[in-house]
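These notes concern the structure reproduced below.
First chain written, first letter: the chains are A, B, C and D, and each begins at residue 1.
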Amino acid sequence: METYQIYSLTSAVLFVIGLGGVFISRHFIKKIIATIIMGGGVFLSFVSFAERDALTFADPVPHALVITGIVVAVASAAFALALARRIYQLTGEESFTKDK
Amino acid sequence: MMIKEVITVILLVVGCFFFLAGTLGVLRFPDLFSRLHALTKADNLGLGFIAAAMALHIGSPWAALKIFSIWFFTLLASSTSCYLIARFQKEKDQPTDRKEVE
Amino acid sequence: MSVLIDIILAILAIYLAFQSLLAKRLTQTVFIFFAFGLALALAWVRLGAIDVAITEAAIAAGFMGVLFLDALRDFSPRTSNNQEKTEAAKDIFSKKNTKSLLLPRVALVLGLVLFLLISLEAIWNIPDGGGLTVSVETMLPESGVEHPVTAVLLNFRAYDTWLEIGVILLGLLAIFATGGIKLYLKPDVPAQDILLRQVILFFTPILFLFGAFLLYIGKSGPGGAFQAGVLWAAIGILLHLGGKPVFSMIPRWLGQLLLTLGLGFFLLLGFILMAGGATLFEYPPAYAGVLILIVETLAAISIAAALTAIFANLNQMQEKPNDIESTT
Amino acid sequence: MTDLLTSPYPALLVGLPVLLATLSLFFRTRGKALVGLLGCLLTAGLAIVAFIEVAQHGTVIHILGGWEPPLGIMLRMDSLAAVFIGMTAVVGVFISLYAWQYFRADESGPGEFPLFWPLWLFLWAGLNGLFLSNDLFNLFVTIEVIGICAVALAVLSGKTTAMFAGLRYLLAAITGSMAYLFGVALIYGSTGTLDLGLLGQVLEPGTTTTFALLVITFGLMVKMAGFPFHFWLPPAHSAALAPVSALLSALVVKGAFYILLRLWMEVFGVSITYAAGQLIGLAGAIAVIWGSWQAFMQTSLKLIVAHSSVAQLGYLLMIFPLLILAPGVTADSADWLSPAWTAGIFQVIAHAFAKASFFLSAGLIIMALGHDRIESLRDLVGNMRITAMAIGLAGVSLIGLPPSGGFMAKWMLLKGIFLSGQWWWAPVVLAGSLLTAGYVFMLLRLAFAPAREMGTFKPVPKSLEIVALILALGSFLIVFPADYMIQFLESTGVFGSGIESIVEGGAYGND
């Protein structure tokens, strides 16, 4: 078993944990963290394939994609956090209630 | 050559020991202040030993300078944050203490 | 031996991901999330992706962690109350709801497990595509930089990077759109603590220098605009916490300029070169190195400004509760 | 690849709106609106010019940075992209004009929202970028741009319901795009390229490809509110400001549909099975019935319109089973492909016009009444004649009565269904139309009913009503250039093509 295989398998596990977390967690913050975990899984799979395709250096394209992806994911997560805090400020709710 | 490696290993082991002790302290000590005490003192010392081991292992003066500046900045940052946490806790505790006295 | 380290790290990352979602208290969730980010950064170092590791540690774990930590001030005080409330609610509804909730949950978990198995199989059997290492290697001399990741980010796929700088600015605009606060804090709120202030003043030039170093080194090694931008953003955040909110100390136009500089210059440069007959973001190989460095510097400034502003906005959300329902 | 004409328009179509959006940030409230409106007009003009360029020269490309794929990114504007860009421009410019007036309307209006303009321009740039993109990862970045802009616009009103809906929308959008990106990672890992054109040539069928198709389809279905994942759409679309609701339902959801169509047709042909098409068609069919029924049950106008979007998007999914040929059938002998494609494109355009008009009219009714409960719509015809007409016309197009664009779409869909022999979809189309007729006529009956009390309607600006009416008329006028449009689209390789599905191969095509 090679290094990249360990991490590419891990990536699938992380993705599924995040996916489940988005649906099952109730608190806003946990849902947001779950999306970041999902993203972590996806990025890990990119980078593990880059390690597999390494010649003199590891494939730089996935590295660049992942840097872009991380920044994009953080921007959306920060926005989600702002929304969650705003909701808390306005209503005191910390999770979605049935009717809303 | 041998002696250098032996010293490196010894420094690493000592560093790890301090980290372990610090972590144990954080997990086992009863209140915030003693936990902070364990965290700052033991961990900074542990990091110092590991930094020394690494500097010795690499053996170039530039790398040693870099490693020790890492240690120095970590020291500064961690002691400041510990101080702030402790102060916050103290301010939070005081009013309640007074209430209890009254 | 080295495989063992990887396996331990992988298990640690999975464990931390689980724990951060399962933790009872929100504080635990956030701190475990920090640890998860760092474990992931280590995984990236193991995979030889130093750039990604720095970005992960700085933005995903560092910056995002700071935002979550800041959010704790908002959420934690009432968590205990809410828990009681929900527990009370549970008691009332338990008889009705357990059955109706249990079935979809079990189905969901089973579905996820099935999904996991399929995805593991798909990843295990993945054909070897070979990646683009070879084409990057052949084109690298024409890109103007020596570090392949920087070449991809700022030359081969500059369009993605440009859009991404736009996304950061967009994140800030979106946070404005939630309407938490409209005005920045008044500048002269003194830092309450002299030690904190001194340490911040001490760290400011060091962070600035280190950021500039990362920016410059990006040409030939791991580093670049994003990493530098986050470090500079750390200056802004520290100053903000130390009672010197950057955006209320500088004039409005300067703030706007800092925020839009990276995106605007990147695009204008592209348009200017396009007017000369090239395609968008096509740099003449002779000047590519210089142009990329300028673009990166301005991008780093804008990223730093945007991240600082995002933090400042979120940080003040709690302090100035707006009147509810300002608009209908 | 080099035989296609290189043109600066694709780059300008993305760059210009971003530049103008950035510029507008420097102005204060009124200035932002002015720059924003001018920016919208400029962008729309540019889009029309680019459309004409494509009409004259065929597909144009723009190789960004001069790096050819697979290393670089290529923008490609073929006739399908041109039609989507043109639609965005026309609908977008009317919505912009409406928004300009709407936000300036003094007492009865909702107030000024200067942030609307930069966000809308960024959204426009994202949409153009998405239609032009020819790169899997770049598509991810553009859908993220669109997602953030869309949610930011949706929460702009500041109402708590909008906040809840917006957060739900955002979480769904992030989940969707992460799932999409997971698929992209697997595709990149197994082929080493991200360019759609190249992928279509090199992608090999296998477990990995099928799984990547599955997660990508899942992600895009979440983004376009396809049936099991439609939960976020009605609250988000109904709680937003009127021009925003119009933008979200007329344009934003179409973006994800466009990617889905492109990827299924151009990239994943090798691993799509007949059953996968049937499944996605089933999701569409359920969406049609469920969405229409839910719309029928609502009591507030905007919720009716929002639920109707779920149904109308279902029709779009229903073209997929027609495009995927049963094993043994070749594309040459399948004469239903052209009607199916026509149905899809016309459904997109007709729905964009009609739904935009519907939401803008709903905004006017809220402006006049202060709320949008449908029982207060009595005597709408007497008070707001033009708005009532707009609602009537838009409704007719949604139902699919002749001579509307909606009719053309549904007629072609039925034609395709019968030619292909997949008769089981026909009752769904008819039932959907009947249910739609149910809620539209319910609205119209109320609109014509005599008022119980007088003077509940406040006057609204005539110009706003006219914009809504023009959009409603637009959903009829698109029928006239239909022949030309189909001819134009046929110059694209994709249009009119089908997938000759494989018999074996991993078929977990269950999303």
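Everything below uses one rule, namely that a contact is a pair of C-beta atoms (placed from the backbone, for glycine too) under 8 Å apart; a residue touches a chain by one contact, two chains touch by 3 or more.
In this text, all values refer to a predicted model and were calculated from it rather than measured experimentally.
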{"item": "A-D or A-C - the one linked by more C-beta pairs in contact", "value": "A-C"}
{"item": "Centre-of-Cα separation between chain C and chain A, whole angstrom", "value": "11"}
{"item": "Euclidean distance of C-alpha centroids - chain A vs chain D, Å", "value": "27"}
{"item": "Centroid spacing, where centroids are CA-atom means, of chain C and chain D in whole angstrom", "value": "30"}
{"item": "In chain D, residues with contacts to at least two other chains", "value": "71, 137, 141, 144, 148, 151-152, 155, 160, 163, 186, 188-189, 192"}
{"item": "Residues within chain A bordering two or more other chains", "value": "8, 11, 15, 18-19, 39, 45, 49, 52-53, 61-62, 65, 68, 72-73, 75-77, 79, 83-84, 86, 90"}
{"item": "Sites on chain C at which at least two other chains make contact", "value": "119, 123, 126, 128-132, 136, 156-157, 160, 164, 167, 170-171, 174, 178-179, 324-325"}
{"item": "Set of all touching chain pairs, with the criterion as stated earlier", "value": "A-C, A-D, B-C, C-D"}
{"item": "Contact footprint of chain C on chain D as seen in their complex", "value": "6, 8, 11, 15, 18-19, 22, 25-26, 62-67, 70-73, 110-111, 115, 118-119, 122, 125, 129, 137-138, 141-142, 144-145, 148-149, 151-153, 155-160, 163, 186, 188-193, 204, 206-208, 210-212, 214-215, 508"}
{"item": "Partner chain C, residues of chain B touching it in the complex", "value": "73, 76-77, 80, 83-84, 87"}
{"item": "Residues on chain A engaged by chain D in the complex (per definition of touch)", "value": "8, 11, 15, 18-19, 22, 28, 31-32, 35, 38-39, 41-42, 45-46, 49, 52-53, 61-62, 65, 68-69, 72-73, 75-77, 79-80, 83-84, 86-87, 90-91, 93, 96, 100"}
{"item": "In the complex, chain C residues that touch chain A", "value": "2-3, 6-7, 10, 13-14, 17-18, 20-21, 26, 29-30, 33, 36-37, 40, 43-44, 46-49, 51-52, 55-56, 59-60, 63-64, 67-68, 71, 74-75, 78-79, 82, 105, 108-109, 112, 115-116, 119-120, 123-124, 126, 128-134, 136-137, 148-149, 151-153, 156-157, 160-161, 164, 167-168, 170-171, 174-175, 178-180, 226, 310, 313-314, 317-318, 321-322, 324-325"}
{"item": "Chain D residues within the chain A interface of the complex", "value": "71, 137, 140-141, 144, 147-148, 151-152, 155, 160-161, 163-164, 166-168, 170-171, 173-175, 178-179, 181-182, 185-186, 188-189, 192, 235"}
